[in-house]
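In what follows, chain A forms one complex with chain B and a second complex with chain C.
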Partner chain A sequence: MMPQFDLLAICSAILLITTFAVVARRGFMDWLNAYRYQSIALAGVTAIIAFVTGIWEIYIAAILTFVIKAIVIPKVFLRVTGGLAIKNKIETDPYISIRSSVILSALLVVFSYFITEQFPFKFDKVVNAFLPVSISMFLIGIFVMIVRKKTLNQVVGLLILENGLFLFATSLTHGISLIIEVGIFIDVIIGVIISAILMQRINYTFDSMSVANLEKLRDE
Partner chain B sequence: MTDFLAGYNLNIMMILLCPMVGGVLVTLLKSKRRIEVITVVATGLILIQSFSLVGNVLDNKHIEAFDGIFYVDSLGVLLLVLISGVVFMAALYSINYMGRQYHNGILDDRHLLRYYQAFNMFALTMILVPLANNMGLLWVAVEATTLVSVLLIMLYVKETAIEASWKYLIVATVGLSLALFGIVLYYYANVVSDPTGSNDDKMNWTVMMKNAKLFDPDIVKIGFIFILIGLGTKAGLAPMHTWLPDAHSEAPTPISALLSGVLLNCAIYGIIRFYLIGHLVLGDGFLNTLLMIIGIISVGIAAASIYFQKDLKRMLAFSSIEHMGLVSLSIGFGGLFGIYGAILHIVNHAITKPLMFFASGTISQKYETKTISEIKGVIKTMPLTSMFVLIGTLSIVGLPPFNIFMSEFFILSSGFSSSQYLAIFLVISFLLVIFASFMKHSLGMIFGSPKKQISRGDLGILSIVPMAILAALTIILGFYVPEPLRQLTGNIVQMFGDKIINV
Partner chain C sequence: MFADFNATRVILGVLQAFLLVLFAPLITGIMKKVKARTQKRVGASIFQPYYDIIKLIKKDETVSEQSSWVFRLNPWINFVAITTATLFVPVVMAYSPFGIAGDILLILGLYGLARFFLILAGLDVSSVFGGLGSSREMMMSSIVEPAIFIMVLSVAIVYGGTDVSTIVNSAAQSPLLIPTTIFAAISLFIIILAETGRLPFDNPATHLELTMIHEAMVLEYSGKSLALIEWSKSIKQITLLALLINIFVPFGISSDVSALTLGLGLISFVIKAVLFGILIAFLETRVAKWRLFRIPDLIAIAIASSLIGTTIFYIG
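Then we have the complex of A and B:
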């Protein structure tokens, strides 16, 4: 059984490192690659959980994760961002500096490990390894969305958050039924496409991809 | 577990098929007149089917269909009728409103086609919410409503519309992710409570209700907090309401009416479903306090924002936040009056708010502005519309003899009977502020004389008819609750009271 434990540890490490890559890097290609590697690792983890539990539906979820998140979504993004100026793809001036963001994210990971111990869950190997990781991904995803100005970065934060949610559901409950997961995948794809259209419009209308422009609608 | 085909229900299938077929036909037959007629017919058929489902539910208490994926009881069917009714009204109103924008050159054929496609899809996703028994399906449907309504808001390529849709997309999606987190926790509690059975149906609301007694209270507590924050974002409960005034004011007016009138109710409906489960596990204390606090904050924030409001549609949007807050508060008060008041309030708000939005859309088309101070003397330029605005305003601020007075009366008396005097004091003072500022804004628009020369006359019969129907309902429900509605609300109150549902 020893090698399997190592495999779980390696997978959680990959998931966390890729999450941090999104926090630590400024460039869009880096985020996208981080997301792609994270999704491949996520598909691997899902396959491991399928193997451990022996539920065939989870294998399908793993394949879907790989196809949609590691191939389709990055492709959509590359196509959308093809025409954008390089300045719009780089996070030059986030609300919180990159250095502080990394430290705060590390604190979020510590917090996730702390909080999972407080939960009254039934722990087994899989839950032990992945639950804190999933909550970290969830929290760091929200964190990225809050502190970054570029719309692209916000969407990547949202995707990381969604990966965390998926990992949470799969590791804790061995996946909610397949038909619902397919529904969630469809929602994610459509959401990504709509956000892509919107990002193009933001770029076209404001000549910038920063949400700092989006401050017209408010009540004095 | 029933066989998939044995659980076949023609009614439910028709209801889901109508908007699908409508959407396809709209895509195929591109001409303006045809797609308008198709949409009206499709939504009209949905309304008829929902009424026949009401009869079915009144006879059988509840219907389960398609292997437990769909489940309709009194609560579900009530929301279904509200949705299909308001969707039908909005389809009628769209012909005039969108047609006028088309003639003014704001929209072209492509936009109009996209509008009606999305309109049908929006109807479909909203209808799925009250039909779903599987709580995962409910989540997927609510998330889908977000995506489709974002498409409808970004119909206009304006800076403000882009900003509103981006905020809406991001805030609502993050909120709903939190809700899914909570739903997974409920599911986990259900799986753990009964380790022997298969997990296939553990996501079903009916199964959750059956096993609720065995749930781990701590997990349910955490789960409900996440669901309240998540679906509360979608329901416009403060302090997660930030997207709502932007989205509701930037959407095309028929869509604003749908967003405010029924989409918010879809989210509240989800909260009620999980509240019912949590109530079995935790009893009154914890959940009710949460709902009360969040309700009071919503009413308070709405009061402050309405007082300072300059934009007509934003004012109505904040008024929606107020009313959703009142519903949440009322469920928090609990008791017979509280639940009855909450359900009645959902119905009344779903009737009166679309009326107000339709009227505001017509007014702002005539005056070509949404700024309150620019609009004067509607009674002189549009006599009929101004009557509807007056009825809607008097109703929405809670004056007798209109419908919202009745439900607010129940809500406040439930507060007194559960002796929440502080909450009552706060809410009554907020309601007074809202009353004063809403009346000031509205009366200023209705009376006086127009600032610039504006031609007399209302805007076409198709803009008047939906408003007239809704205004009539506003008045009728003020003193008379029809028998089917009384039975449905009675059944719903029992669901809260009995604590055990007959599955």
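Then we have the complex of A and C:
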């Protein structure tokens, strides 16, 4: 018997696994690699959606996803963080411990599957596979931004959140118009650059990348 | 079920259990060799574990005066419990004739028995290291076991039951890579690393007191007892690998009793077992041992993974 693949389900599994890699690991390179693989998977998913719906514009969105999210943004990050001390790249003391946040993220995934089940609409196969995944990526991105102290980790959380939104829009609407997609991509790049500059300023001023330090009052 | 219980199948079932028992030290040897080669060492021969066992069996045994019967009985209980567990695991054919006597929970129970006596033996000799190893092992097993049971649950709901033969049979007939089983496989892989004391959890090669877990408990053993303990450790490792292989990548396994398919099943099992051994050895060279109190992080990943797998099965 030939083994068959349920391609959509496997893609959603890969997206979830890479999202969890960000929650479960402590080092910056691990997050960045997880984000890179997630973006490659996301480009693949977009191409699958383009193939299923037959709209050629989505292919361009897939290529843009691959080029910008899997190549450009990681490169920008590597450049920006090149001079940072290693202590600023490792999340040693998050607000919620890593093991608890892994379990809580699993519960967030359960929650997003649950609320997708409650929607009173009938969806096609693509939406069924990717809607809960996109909602859980969104929630986990927010969660990472809330519970982590290091700005690098928070920016990675923001990028995951953005990936979740992109997946949400693409799977639900089968391709919003290309102009909007390009606008969103430029938005993301600008966001990354601004946050990179912000991170450098924080690092320069406080000699640390921990957001916890920003809460202290300084009288100078 | 009882109709299948004929003589040929029983003999084949016993044979495949023997295969696991005999093949076990070889996998350990291959893993050690791969590890040595990736670290730019020549390494011992892949048959070195067999030589070790033969040498240890010929040697005399020293037993502490302070120890009780638990210490002397433990290697035998370990060996018997772990070898009994091999009888329930399908290896070359997708069926184990002793499956009517027990399912995957019995296998875990037998491992629990073996581990319980190992912990007692570690405490029994009243050496400092034994107690240290025992307390660490208890801490680890108490957090690994919930992960195992959630993993078993997510496998059982996909393949319809906790009986290993049923699971392997329906796994061989269902499509490869169902998402639930991907998550369960990640979980089982982490559990195997924890159960067999591989690197992120425990360093199998060390005798440094700060890092030992398993080695600390068996530090007082020598001669035949040590041979039995080493051997049963290898058998446990290959049995868990056989479970991983036959539940998650079962293609090539024989579903009927004919020489050709059984040969194919044997060859594919050996290839897959060696590949998994090499994978684990490579992984061991890439990671350092984690601090003891970071171990729950990995177990949390295993639990979360099984939890997501279960959810996807019901709602996805």
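Operating definition for what follows: the second predicted complex is superposed on the first by the 209 of 220 C-alpha atoms of A that agree within 3 Å, B and C clash if a C-alpha of one lies under 4 Å from a C-alpha of the other, contacts with A are read in each partner's own complex, and residues count from 1 in each chain.
Quick note on the criterion: a residue touches a chain if its C-beta (ideal position, glycine included) is under 8 Å from a C-beta of that chain, and two chains touch if they have at least 3 such contacts.
All of these numbers come straight from a predicted model, not from anything done at the bench.
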Clash or fit, chain B versus chain C on superposed chain A: fit
Broader residue contact with chain A after superposition on the shared chain, chain B or chain C: B
Touched partner set for A:132, first chain B, second chain C, both or neither: second
Closest Cα approach, chain C to chain B, once both complexes are overlaid on chain A (Å): 21
Chain C-contacting residues of chain A that also contact chain B: none
Residue ranges of chain A in contact with chain B within the complex: 119-122, 138, 142, 145, 151, 154, 158, 161-162, 165, 168-169, 172-174, 176-177, 180, 183-184, 186-187, 190-191, 194-195, 197-198, 201-202, 205-206, 211, 213-217, 219-220
Partner chain A, residues of chain C touching it in the complex: 173, 175-179, 182-183, 186, 251, 296-297, 299-301, 303-305, 307-308, 311-312, 315-316
In the complex, chain A residues that touch chain C: 1, 3-6, 9-10, 12-13, 16-17, 20, 24, 98-100, 102-103, 105-107, 109-110, 113-114, 116-117, 128-129, 132
Chain A-facing residues of chain B, complex: 134, 136-137, 139-140, 143-144, 147, 150-151, 154, 157, 159-160, 162-167, 169-170, 173-174, 177, 180-181, 184, 187-188, 191-192, 199-200, 203, 216, 218-219, 222, 245-246, 249-250, 305, 308-310, 314
